[in-house]
Amino acid sequence: MIPVEAYLVVSTLLFFIGVYGFLVRKNLIGILMAVELILNAVNINFVVFNRFLYPDHLEGYIYSLFVIVVAAAETAIAISIIINVYRKLKDVRVDSINELKN
Amino acid sequence: MAEYLTSIDFAGLFTADNIVFFILSAVILVCGFMSVASTKLLRAATYLFFTLFAVAGLYLTLSYEFIAAVQLSVYAGGILVLLIFAIMLVKNLGTDTETISYVNKTIAGLSALAGTVFAFITMSKFRFISSEGANDAAAKVDMEMVGQTLMGTDRYQYLLAFEAVSILLLACIVGSIVIATKSKED
Amino acid sequence: METITNLSPIILALPFLMFLFLGLCGNKLFKSNPNIAGWIGTAGLSVVAIVSYYIAIQYFWVEGKGADAYQQFVLFNHEWLKMTDNLVISIGFMLDPISAMMLVVISTVSLMVHIYSLGYMHGEEGFQRYYAVLSLFTFAMMGLVVATNIFQMYIFWELVGVSSFLLISFYFIKPSAVAAAKKAFIVTRFADMFFLIGILILSYYTNTFDFLKLTAVSDGHATLVNTKMCGEMFMGLSVTSIAMFLIFLGGAGKSAMFPFHIWLPDAMEGPTPASALIHAATMVVAGVFLVARMFPVYFFEAHDVLTIIGYIGAFTSLFAAIIACTQTDIKRVLAFSTISQIAYMFVALAVSGYTSEHEACLGYTASMWHLFTHAMFKACLFLGAGCIIHAVHSNEMNAMGNLRKFMPIAHITFLVSCLAIAGIPPFSGFFSKDEILVAAFEHDKVLYACQAFVAGLTAFYMFRLYFRIFWYSENPAHAHHTPHEAPMNMNIPLIVLSVFTCFTWLDKVFPFFPEKITADRVGYELETNWIIAIASILVAVVGIAIAWVLYLKKNDKPDMIAGKLKCLYISASHRFYIDEIYLFITRKIIFGGICVAIAWFDRHIIDGFMNLLAWISRELSYDIRDVQSGNLQQYAWGFLVGVLAIAMFAINY
Amino acid sequence: MDLDYSQFLSMSHEVSLVVVLIVLLLADLLIKNKKAFQYLAIAAFALHTVAGFYSYTDLAGDAFAGMYVSGAAQSFVKNILNVGTLIVFFFSFEWNNNENKSGVGEFFFLTLSTLIGMYFMVSAGDFLFFYIGLETASIPMAALVAMNKKGTEGAEAAAKYILTASFSSGVMLFGISLIYGACGSLYFDEVQAAFTNITALHIFALVCFIAGVGFKISLVPFHFWTADTYQGAPTGITAYLSVISKGAAVFAFMSILYKAFANEPDVWQNILWWLIVITITIGNLFAIRQKNLKRFLAFSSISQAGYIMLGVYASSQTGMSSTIYYILIYMFTNLAAFGIISAIENKTGKVGMDDYNGLYSTNPKLAFAMTLAMFSLGGIPPFAGFFSKFFIFAAVASSKVYGDYVLVFLALLNTIISLYYYLLVVKAMFINKSESPIETIKIDTMSRVALLVCVVAILVIGFISSIYMNIYNISDGFAN
Amino acid sequence: MNILSAFVVVLLVMLVAVFLIPGEKKNAIRWTMAAGSMVILGLAGYLVWDFLAQREAGATDKFLFADSTVWYEGVINISYSVGVDGVSVAMIMLSAIVVITGVFASWAVEDKAKEYFLWFIMLSIGVFGFFISVDLFTMFLFYEVALIPMYLLIGVWGSGDKEYAAMKLTLMLMGGSAFLMVGIFGIYYFSAEDSGALTFNLEEIAANAAMPIEWQRRFFPLTFVGFGVLGAMFPFHTWSPDGHASAPTAVSMLHAGVLMKLGGYGCFRVAMTLMPEACKEQAWIFIVLTGISVVYGAFSACVQNDLKYINAYSSVSHCGLVLFALLMMNQTAMTGAILQMLSHGLMTALFFALIGMIYGQTHTRDIRYLGGLMQVMPFLCVCYVIAGMASLGLPGLSGFVAEMTIFVGSFAHEDLFHRVLVIGGCTSIVITAVYILRVVGKILFGPLYKIEKVGDQYNYVSEHHGEVHHYPLRDAIWYEKIATIGLIVSIAIIGLYPVWISDMISESLEAVAAMLN
């Protein structure tokens, strides 16, 4: 049987790959994709914990479902906002949204 | 984790379960990494698709078919499609190669690495105790149970959350529309 | 007794009310005719003088004499400020021989000056103010001498100081007058600070301010001994000595002893009658009075201080006399003469004993005696000088000469006073000075020699002055406007004062001082020491003779002598550069060094530090602005690093 | 399956708000006159607000087996949020009439959705419900932020907001997942029991969670989005973000810390100690040199968030009550400031601090109100801000622990800096001379009424002691 | 209604009244102010009389006219509690005098007069509220209420580098109150034993004396410094010169005259009374600091050229003496300290009033450019001399009474080091004379400088950036006379007959002094 820790290694790595992506991606859609990785990593955590550690109730299970749903909603809004940015600036690179600062 | 590594039975490593797990993990991690590292956005989206797929596969190995299905339909079928639409909508985005300076990569990479190491260390100090029933076939979740959990009002049942998220979804639809429709005035 | 008790408040209250009245409404009420203010002032003072005389006479001849000694009466004593149950400042009225005598001196001179000023100050702007301040001064001086406790004395001490300030700066448009006033005030104030510290130390150990308690004597020592002050040492010195020395320093400031003498010559910037009153006759002897008042303490508990006082006095008298020989401003000559004569009084006190047996306390008596006579003849001299200045419109000797023809009354009175101060019998000064010399001779030969020499110098410079004014040569300036005799209201005071100077040797008057004014208040009979008397007369005559030779007619001998003693002459005429030293210390070191440095420190270091804090905040604010770079990914990076750092911190905590 | 729908009835606030939402959704379709729609919306919401007060005591209690918690404190906080939102609506009236004509319906709908999200956060008894509430409160907010059509600022602000928000919710979820892994449950009461014998993992999870919520409250270093988003958003929404959203998040955060993590308060107190100090200081330092008033208030609100957290830090009944009290007063004060800014912006388009030079000579009443707001924010008596600051410091000090006094001291030293920049605004209005001051403007009745309410509140709340005493009585305190 | 609350109520009524009068009716506003402050003065006079009468009749309570209303209860125990002892009565009297004279000194304010007076009243409310309070919370509340109007009063109506000065003053004083606030929390939470109800009431806290010494050591310096900042204690005094120099006349008066007294009063009433053990331990530190203030302020004043700076530094010196004496912790010295507050309040108010009046005409306060004013404005100049004399401690004026009580009292300290410090403090009386006479000699006496006489009219001629201005000069007008005479009379009353007020104060200090010894 595969131990929990193995899954955790995967999820943690995936999480930080997502974080890395968030930090380096040069355009907003790419960043959004990195966020999806992060959320997936979290979902793996929930599912695995539920499956291996606390199988009595479906807490983690349900949680990951909701995370997927919320992620979908979030992505929808985010994409429409990115499109909005594109409309205004004709650009979706991170560097283009740099007016507000200091 | 250190204890874990010393206690590995290397001969017993190559069970079917393990091999599947390794393959899935490899796909998840490699494709995940490629999806953030590839210079072309469309390719990145493709790698992301693989990752999502592999995650779904992972859920399947855990015998959580429903989540796997949701993962596939919502993520792969919905979110990813949205992303690809967006990529397509934006001029040249799909074909542009983006170059990231090494400084950025190094800083981000080191930070992420530090985070990973840190997370591993913290996790390694904690003893996760697998539940007795983890291996049982009972762990298999049937749809009725999922339905009851989602619709019930008792402890560990989530009708309220279900209702709440509906408001969220509705609001998000409206929100998306309000941002999208604005173009008419512009 | 009841009468004098009832009358005594008048002495303090009347001048004060006069001051308030003239000060507050003088200008308004008497705008058209300021003289009325002067008359009111004079009238008021006459009342005060009458009451003072009445009280003094009653005291000396009727009420005061106790079984064997004169008694000390506290006529009234109102609690003014209560600090602790024991340390109470009262405003009271103490009547004892010296205060009764001082009442006479002050009221006499003050009244004379009031009358004299009617003429002298006539038509001056600020006439009402002048009289108001004179009243204030009289009030303060009276309060000082009748003080029942040392703090009351300090209070009035300060008040005489301020009235002196106001009078010196009477011609406040003249920068020199203002400077002189400031100098006088600050120097005396500086000395007063020591006085105050002395009072603090004294009161700390004795727990009283009351003179009666402080100066009480029993069994041959002051009762102060019984307090915790006895034997208390500070840095190797007895605290009593320290306290008494500090108190003396206060007196030295008011009485212009070296090194605090510098203010007095400059104080001559004030109107001459005011100088006569304050800077010759009354205020400047306050220091002597103070030492006399505290005499038992000095004598029994701080005899070392008394010795120091003697030497300071001797030095000052010599020092001032030498300077007086070289000054050409007649008021300055008189001022230095005053310093010198007051120093005499200090010397007299220093060489005095306490009991009246065997004339031991002759010095004390002589000191008070000299105070009295000096007040009269010095006031007379000053007022005479005032007449002269009035006549020639100058203070400089060079503008004078041969004035005896124009101003006979001034001439005669001036001559009488000069003889008195020179110590020629039968004028008053002879007796008092002679007793001082006798006391000094019996006590300390060095002091005697010094004082005898000073007596000669005194005779010399006074007659130098006299001859330069009234003889010497015809002054060409007189051709333009003829000097004329002063009006009557100025001459009467001269005459009155010179009468005082002439007749104090009379049979009735002569034994007054030894009989009534002694340290232990027990009278004794004085026997004249003829050897010393003759010696001093001789010294005086020699001094006069030299002056006669040098200054009766204009000649070049003085210049020749001055040329021979060039060094001494120049430094003496520059008053031995003491002023310059003071100026250097105050201007350069205190102002230029300490004050400027502190002000700079305050602005740049202390305030600079506060501004630095503000500056740092602002700079920090600008320095960290790029943290908020506007870049989304940097935000996320900050977020991540924040999480990791906080987690690491929290885990390791 | 046992479905007890009656439990919904105990969620009176939420149900009532959902009804309002549905009514507005329908009305938006039917009523074409935007002004009329606004009146309707405001009236409906006002009705809801009033109703909220009447549901104050009855029907309180837990529902859905602990997932939904509603006590007097939650109810009160929701009422505060209602009042604040109502005031925001009043202030936005003019803006909706002119610049946002096309999106009035959406404005109300989205705002109220986020409000209901905040209700969920406030009443959450479980991490899932809390998470959903949080996301409901933040995702539609991005759309609201994007409603600023002037220039590109709105779009930029929204993009930054939504992306950082999703990042932070990712981190927070990671933390929650670890909490789940470590404690085996997501219900607060069960976590409370399990969150003992803590290890590094517990702390890491906790920090991730704090970071996620800290993002909503804009604690440094999770605050970066705040200024950009506040500046870019429509002023009404900025006000909403800075007051209502922040207030709800603080309360939710507090109730979670006080409940789920109540057994190990030292851990998060240590973290909060530093977070508070850094937040207040950094917020202040950034605020010093801001010239755009919206951005200025953004940083000011960051530092205010630090002060609010003091009450959370106190971890006691007093701490809870002072936090709620602070939120209440902060709401009126900050809304007054934003109300004035928004009124002036609507009329003249000016938001720079320099534009306010000489405001007193042309618009004395506005300047006066602004001064009150600034003084109150700076904690100057006798205005309400003083009382809230005093009580929140008192709550921290009540522990009689040395470190807590140090914290209070540091926070108080920071009030000097904050006073400096609040006075800068006052100085601009009263002292600075201007060639072209803002002309005398007449603000709309709605804003005026709202402003009056805020000003009166600033002036009197502190003096009415019963308010604070009542809050204390309804605060259910620590670890129960 | 309690007479003490009446002070605040009257001021509130004034606030409302002035608020309601339209801004153009300046005279109406002024007369409202005058009438109101007359009422205040009357109340204060009655208070003194009644207080003395009650004490005469044997009232032994620490605070008379005490009254208390619970305000906050349970979560935090705050009462609106008022009460006065001799010290507060003296301070209230002082405030009343300075306020009414301040009103007259502000008579000429034309620019935004209404707002000016509104803030002025606000300030007064703070001051009176502070002095009547015996509840620490309300005390602190009023304290801050008094501070903040300064910002606008200086910033709007001030002169010179007013914005900087106003900001600096406000921030530094608020910094002080930051220190103070921590101290107050400490006092509150240690105000009763574990079982007892916490309280802000000064009397109860003192009676409970529940704060352990190790906590006193922490809170005493905070509280003392907190109030000390307002009391211009070295090195926290630098707000004072700048602030006073820029403030308008009446504000300087009120600030130096009354507000700075809040500092000394607070140090005494709160820091020392409530934390006596720590006070005894740490007093020496602050004695050294305040001793430095005394001499340092005086020396600094000697070389300043701006009249207001001179007076501000002189205030540093004099207020330093207040704290210095308080820390000597015996009845006499403390009485002296309170007397000094009273005296300094009056005379510094007089100074600032006069400086303001002179400045109003010459438009300069630089003593290098002034001279011979005595000929031009004799009334003001005579008043100035009187103020100066009061400041340098001339007997018959209040300064002497206060300083001598301080010196005698402080010198009664049993420790030699302290006595030596007192001697150091004594030097200030000389330095004070130096800077006072420097000013008097320079600007009042001497020949006319930069002043020309045209007919009967004197004009001040100033050249500024090549432009020549002629400012007509005049002597005081009626409202200025009222202000100055009022203050001078008060100074003289204390100076001439101090025993009643000194006894009144001393009596109230007996218990405290006994506790501190």
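Per-chain residue numbering starts at 1, and chain names A, B, C, D and E are given in the order in which the chains are listed.
In the analysis below, a contact is a pair of C-beta atoms (placed from the backbone, for glycine too) under 8 Å apart; a residue touches a chain by one contact, two chains touch by 3 or more.
Please read all numbers here as calculations on a predicted model, not as lab measurements.
Common neighbours of chain A and chain B, by the contact definition above: C, D.
The minimum number of touch steps linking chain A to chain D comes to 1.
The greatest centre-to-centre gap from chain A, using C-alpha centroids, is found for C.
Compared with chain D, the chain whose C-alpha mean position is the greatest distance off is C.
Pairs B-D and B-C differ in how many C-beta pairs touch across them, and the larger number is found at B-D.
Of all chains shown, E has the CA centroid lying nearest to the centroid of every protein CA atom. In this assembly, the C-alpha centroid of chain A lies 96 Å from the C-alpha centroid of chain C. Rounded to whole angstrom, the centroid-to-centroid distance between chain B and chain E, based on C-alpha atoms, equals 70 Å. Inter-chain centre distance (chain D to chain E, centres taken as mean C-alpha positions): 42 Å. Computed centre separation for the pair chain C/chain D is 77 angstrom, with centres defined by C-alpha atoms. Looking at chain A, one finds that residues 8, 15, 18-19, 22-25, 31-32, 53-54, 57, 59, 62, 66, 70, 73-74, 77, 80-82, 84, 87, 97-101 touch two or more other chains. Under the contact definition stated at the top, the residues of chain E that touch 2 or more other chains are 171. In chain C, the residues that reach two or more other chains under the touch definition are 614, 625, 628, 630, 632-633, 636-637, 640-641, 643, 647, 651. Under the touch rule stated earlier, the contacting chain pairs are A-B, A-C, A-D, B-C, B-D, C-D, C-E, D-E. Here chain B touches chain D in the complex through residues 118-119, 121-123, 125-126, 128, 148, 151-161, 164-165, 167-168, 170-172, 174-179, 181-182, 184-185, going by the rule given at the top.
Contact residues on chain B toward chain A in their complex (touch as defined above): 1, 4, 17-18, 21, 25, 28-29, 32-33, 35-37, 41, 44-45, 48, 51-52, 55, 58-59, 62-64, 66-67, 70-71, 74-75, 78-79, 82-83, 85-87, 89-91, 93, 98-100, 104-105, 107-109, 111-113, 115-116, 119-120, 123, 128-131, 133-136, 138-139, 141, 145-146, 149-150, 156, 158, 161, 165, 168-169, 172-173, 175-176, 179-180, 182-183, 186. By the touch criterion stated above, chain E contacts chain D in their complex at residues 71-76, 78, 137, 141-142, 144-145, 148, 151-152, 155-156, 162-163, 166-167, 170-171, 174-175, 178-179, 181-182, 185-186, 188-190, 218, 222.
Within the complex, the chain A residues that touch chain C are 19, 22-25, 31, 94-95, 97-102. Per the touch definition, chain A reaches chain D in the complex via residues 8, 15, 18, 22, 28, 31-32, 35, 38-39, 41-42, 45-46, 49-50, 53-54, 57, 59-60, 62-63, 66-67, 70, 73-74, 77-78, 80-82, 84-85, 87-89, 97-101.
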